[in-house]
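To start, I am sharing the structure in question, which I have written as structure tokens.
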Amino acid sequence: MKKIAMLGSGFIGRFYADSLHGQRSKDKIITVYSRREEAAKKFKEDYGCERFTTDMEEAIAGADVDVVCISLPNNLHEAAVMLCCKHKKAVITTKPLGRNAAEAKRMLLAVEEAGIFNGYLEDLVYTPKFLKAYESVKNGALGRILWAKSRETHPGPHSDWFWDIEQAGGGCILDLGCHCIEITRTFIGKDIKPIEVMCWADTQVKPIDAEDHSIGLVKYENGAIAQFEVSWTFRGGLDLRDEVMGTEGTIWINNFLRTGLEMFTTGKATDYVAEKSESNAGWLFPVGDEINDLGYNHMFAEMFNCMENGTEPRETFYDGYVVNAVIDAAYKSAKTKLWEPVQLDIWRGQSGLSKESHLVEYDADHYLIKEETTHYGAKKVILKNKATGKIEEKVIE
Amino acid sequence: MKKIAMLGSGFIGRFYADSLHGQRSKDKIITVYSRREEAAKKFKEDYGCERFTTDMEEAIAGADVDVVCISLPNNLHEAAVMLCCKHKKAVITTKPLGRNAAEAKRMLLAVEEAGIFNGYLEDLVYTPKFLKAYESVKNGALGRILWAKSRETHPGPHSDWFWDIEQAGGGCILDLGCHCIEITRTFIGKDIKPIEVMCWADTQVKPIDAEDHSIGLVKYENGAIAQFEVSWTFRGGLDLRDEVMGTEGTIWINNFLRTGLEMFTTGKATDYVAEKSESNAGWLFPVGDEINDLGYNHMFAEMFNCMENGTEPRETFYDGYVVNAVIDAAYKSAKTKLWEPVQLDIWRGQSGLSKESHLVEYDADHYLIKEETTHYGAKKVILKNKATGKIEEKVIE
Amino acid sequence: MKKIAMLGSGFIGRFYADSLHGQRSKDKIITVYSRREEAAKKFKEDYGCERFTTDMEEAIAGADVDVVCISLPNNLHEAAVMLCCKHKKAVITTKPLGRNAAEAKRMLLAVEEAGIFNGYLEDLVYTPKFLKAYESVKNGALGRILWAKSRETHPGPHSDWFWDIEQAGGGCILDLGCHCIEITRTFIGKDIKPIEVMCWADTQVKPIDAEDHSIGLVKYENGAIAQFEVSWTFRGGLDLRDEVMGTEGTIWINNFLRTGLEMFTTGKATDYVAEKSESNAGWLFPVGDEINDLGYNHMFAEMFNCMENGTEPRETFYDGYVVNAVIDAAYKSAKTKLWEPVQLDIWRGQSGLSKESHLVEYDADHYLIKEETTHYGAKKVILKNKATGKIEEKVIE
Amino acid sequence: MKKIAMLGSGFIGRFYADSLHGQRSKDKIITVYSRREEAAKKFKEDYGCERFTTDMEEAIAGADVDVVCISLPNNLHEAAVMLCCKHKKAVITTKPLGRNAAEAKRMLLAVEEAGIFNGYLEDLVYTPKFLKAYESVKNGALGRILWAKSRETHPGPHSDWFWDIEQAGGGCILDLGCHCIEITRTFIGKDIKPIEVMCWADTQVKPIDAEDHSIGLVKYENGAIAQFEVSWTFRGGLDLRDEVMGTEGTIWINNFLRTGLEMFTTGKATDYVAEKSESNAGWLFPVGDEINDLGYNHMFAEMFNCMENGTEPRETFYDGYVVNAVIDAAYKSAKTKLWEPVQLDIWRGQSGLSKESHLVEYDADHYLIKEETTHYGAKKVILKNKATGKIEEKVIE
């Protein structure tokens, strides 16, 4: 059983608390910090905490506090993490880790030097569907991974600070792209190095300084390619989809808008339907169990089990740092319009990989390009002559 | 924190254990009973129980046992329940409660006389999608409920005793229909009396004495109708779908085969995909989180919270008894080919309801039948003259 | 190229005309009859006919008329058919053929005596998806058919006469059930005799004399079972789904509400979306090509090709008669609450079938019940001992 | 009624012929040219043509030929078009128009100088779903279009020449990207100028010289962005999906793999299921009506109607030329890794557009960023102060 200090009492802090205190759980938020006393107090009451405070260090330093959960705006992460280091408290931090790789690197080095448990709360690599899909990818069901895409788009975040580039550090790339980058990186392999990034970003709709729509490509050292699609201009709810292509298979994940629960109502219903849903009449697609389906339960279970067992969780500050480095390259690319290298001063995975050759031999003289049955019933192969390079077709049946 | 004695170590017992010991949970199975020593021992080891036994009463009577979880074949439920009454242990029982209403009634009366906590483990009214849908129904999003259907079909159960009519007490109606009946009854209203049942059942494929396919209709006192479709002959996996129609809306739930995770694989994968999946190549549709998506987590959380709070869970032996009474009528109807009344000696809901009248007034002289826009752009109403009963059409725009 | 006299200028007549005059077609509606001059005239103009009339016989008797297309209310079919017989014109009639089997039988006998081409316009066995599915069923992809279900529900028909039991002859069973009965009958086999029907019907919502919701089961001589679900009370659009179960497979068809085109709009759109859609904001699911997707194109192509080739179309008045006979039994059953026999004075399919035995031999002493892989990796078979009837489980790997 | 000379007798020629001779159509292929006599002869027999030839000019020049349909490998388009110009025959050509913009431009100038009817056979902007979606986009249902994406991936083409870069002119960008580029261009507006292209392309799997996987972005003058995803390495069938985002809505189209027909079979079926399907057991997703669902029927109907009416079809050689120009930029970008300008010597749309400003005024002092209901029931607005640029949150209810 772990006692938690929660920093921040906003939208994400409440989602975390719902999960932490959820189904028969052992763990307990004992104190909550918020910049606004009123908000801190309401949170304390809503979640039955023992106390609240508007002094961040007080919340962290409490003798009975086992772990600090940071649910603050991006610009406050670093200060909070440094206080955790000072007081030697285990720390878990919402995403993104920093506003940029420089911040993230300082945090990473600090927690490692302090020797404290550090967890990066990237919930979307803990959704039940991701976990199931990832298990299949690891088991080789998809063969060699060629491409992984992750998309998160919705009509924009709930809190004001997201829209302020100083506090947030960026727009939808930082807010949503951090998810997509870690999801696709995990499918491709966390030990494979992200090499360079091409990114388009624009402010198409909202009266803000940051981007509200972006598409990016991330090239990995082994030739695999990752893609992110993020936006705060999407209409229709929260679109949260991943796709993976491998040489032996394909995976499609829909985490939110089409999950097997469909409701039509003429509109007499007035209840809250789902995070970022845009209407409460007509066809609606609520998810059954937001807390679980968005990965919070599996994420916190793994984090706390690791804390107890003294092991490292799947997502640490190191992962947060790698993600920030990719994001930095994306922002740079959006400006320079060039493929920008990913700057990784710290890299703990494989190096020096090259794109493997994957020729499939058909016979002594030919490589196989494709085998197929046409709609005229013919079975044929398309071959490449090894010597001449000529493409040939051969009906075999 | 509750200490549990598990009776039974088979398929369902293991599902229960996975959930009971799941995500950071407080509760613990301390002892397990099985008729076969080997099975009991393996279960003990797999789930880290303190002990095992082949003596059912010993398992139940343990001084440290707070609650007994019955995961036994249907024909053993009653004996186990009676022992729980004798030793005054809280008891939760897998579905169906009895093989018939007579058994169920004896169990119900016994636990109530003994004054012990009793929970009926009908997991499918605790699936995240059901809970979300049910909330909308209660909030009136669908208006008055007219029809509710539940379908559970798959290629047949995993354990031998299901196929033996003596141990099981019946075929797929008892095994699967119990779910469907409680699901639809809950949507229609648990205080609305089921009145009569029409049921078709047949043994179409399997070399067994019990039915392997059945369709039934259950009429409720307020005019609503429930429908169940159950089979052990379905090909394609586990088909678990519910539908509800109300005067103001519709709900479609797909709990298993189409939930937003889709995978194509050429077949190099050899891993277990999902309960009752039939293949491991081609397009596959694994669920993310079987334990949660089948309702086990929410069910046990509610049961244990109620135990602690001294309140009654949503599903008690009384509900199990009502379901058994409906099933009895279904079996009788399948033989007599008549609508058979549901025999409910014990009924704790509303009585004497009649089908309400729901005329919608258009103007002083007319009822409204329908309002619509045709594809020629005309807006029109179809009316019924109150005095003459004549149907009239009126273009209003 | 065929010249057509259209009888009726309402909703269905216009759908037919859109198809008949559609994509590069050869055929032409040259005259149109309607009881209301204004309606006939407008139809003539909209579809570029040569003439119109309010005299039905005049329309039929025209020397240049090759074929008569009946798109009239149900109570006018018989008179129109008799005039076609008198004038020896090929006739194609909308569904249902008659208001009951007696009417249908008279029409069937009359067209056969007159020796005229007769087609029954059951478009839903001509939808592209039905045709594709049916081809697979015929090829044996599903093995022996066990169950076929068809569902058609929507918020009620467009024209006033449907709501008037005298003109329509019934409610949603006659209007929609006729589709479902022919769809399921075709999947099971048109030469297999429908034996008896159990039907529930009620007027749950609308202020009308006919039923607005009904569920029915039709038993076939070979043990297969058909199911129809029809309603005028459904909310959410036009729900048009079929399902088939066979010993080797399963088919699910969604003809209308989920076909791969999904649109979210905040509501600035004001255009007609699809037949029987209920809203024009939020998530909408228009079909791409109503005329084709509802089967009209393939149906008329087959009808006119058969006329030219002197062959019989797949759907003749005989099929319409069989459907009416099943409907008669359904109406009777709804009143008597009994399984009612289907009265078929004329039957041209197989007779005397019994339910086949389908035991699968495992070895000399056992039948196979089921083979499976559990989630513990065990491969096992469940067997029935031929001699003792005992159920046994055997782990084989 | 039109008489057609078909050039080419391969996969696409047969698809075209099935459509041209399909449902009750007036038009007729009277002659067919193929380089291989055997293939020409078989085509003639299969489609009941009057004659065949291995001399291309002979096929084109026939006195009775009204229109020439080019279904040849890409490298033969130009020669065929020039012969049509010489003989003043209407010409319709499969996609892509040329192997590059230079070829396309020569063909465009030639047909316009010759004054002959020219149609570009881009079927995927004629699919029923595209047509329906496009109608909604034109009606404003989605507001201003921000982004359009089209994806076409499958396991590779059927004929050998596609895999030979000399004959084909390129890999999957040319083969599949031409579809995606025209689809997205049409959604964004065919009068909006494509400005520059960023493209990633690689040969990840196949032993060929051309690319087998590519992702590209196309920037339009009004700030809208198009995206294509094309591959010959996809496993799972033919993935054909489009997505559009506008300020007021969203469209998702699935043209092939999920269209509402789902079949599970244990594998006794051996019949051809669908174009580019990869298996015939397990869960299969055949389309109902390939010919219609892939747009061929609506495309040819429009082409021939325009020929008769003397009007221009929606897709002409000019469109083919624009598409080729975008593809040229894509290939260049894949090599230079830069955003490459689209070279359009001929441009007939709008020019000089800039990204419009779309600020939404909240009150005299503020722009509206977002309005929302949180899950705590609060209704709030997020605003931007016009003077200070500061982001503010205001609870309004």
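Points to keep in mind about this one:
Think of it as A, B, C and D in the order they're written, each chain with its own count starting at 1.
The rule we apply is simple: contacts are C-beta pairs under 8 Å (C-beta built on N, C-alpha and C of every residue); 3 or more make two chains touch, one makes a residue touch a chain.
All figures in this text were calculated on a predicted structure; none of them were measured in a lab.
Between subunit C and subunit D, the least number of touching-chain steps is 1.
At the interface between subunit A and subunit D, two copies of one sequence, more than half of the residue numbers in use are shared by both copies. If you lay the C-alpha trace of subunit A over that of subunit C, the rotation comes to 180 degrees, to the nearest 5. If you average the Cα atoms of subunit B and of subunit D, the two centres end up 49 Å apart. One simple way to say how far apart two chains are is to compare their mean CA positions; for subunit A and subunit D this gives 33 Å.
A straight line joining the Cα centres of subunit A and subunit B is 36 Å long.
The residues of subunit B that reach two or more other chains are 235-236, 248-250, 264-266, listed in rising order.
By the touch criterion stated above, subunit D contacts subunit C in their complex at residues 23-27, 127-133, 135-136, 139-143, 248-255, 258-266, 268-271, 286-289, 292-293, 297-298, 300-301, 304-305.
By the touch rule above, subunit B contacts subunit C in their complex via residues 11, 146-147, 153, 155-156, 158-161, 163-164, 198, 200, 202, 204-209, 213, 215, 217, 219, 223, 225, 227, 231, 233-236, 239, 245-250, 272, 275, 337-339, 355, 358-360, 367-370, 372-375, 377, 382, 384, 389-393. Residue ranges on subunit B touching subunit D, taken from their complex, read 235-237, 264-266, 278-279, 281-285.
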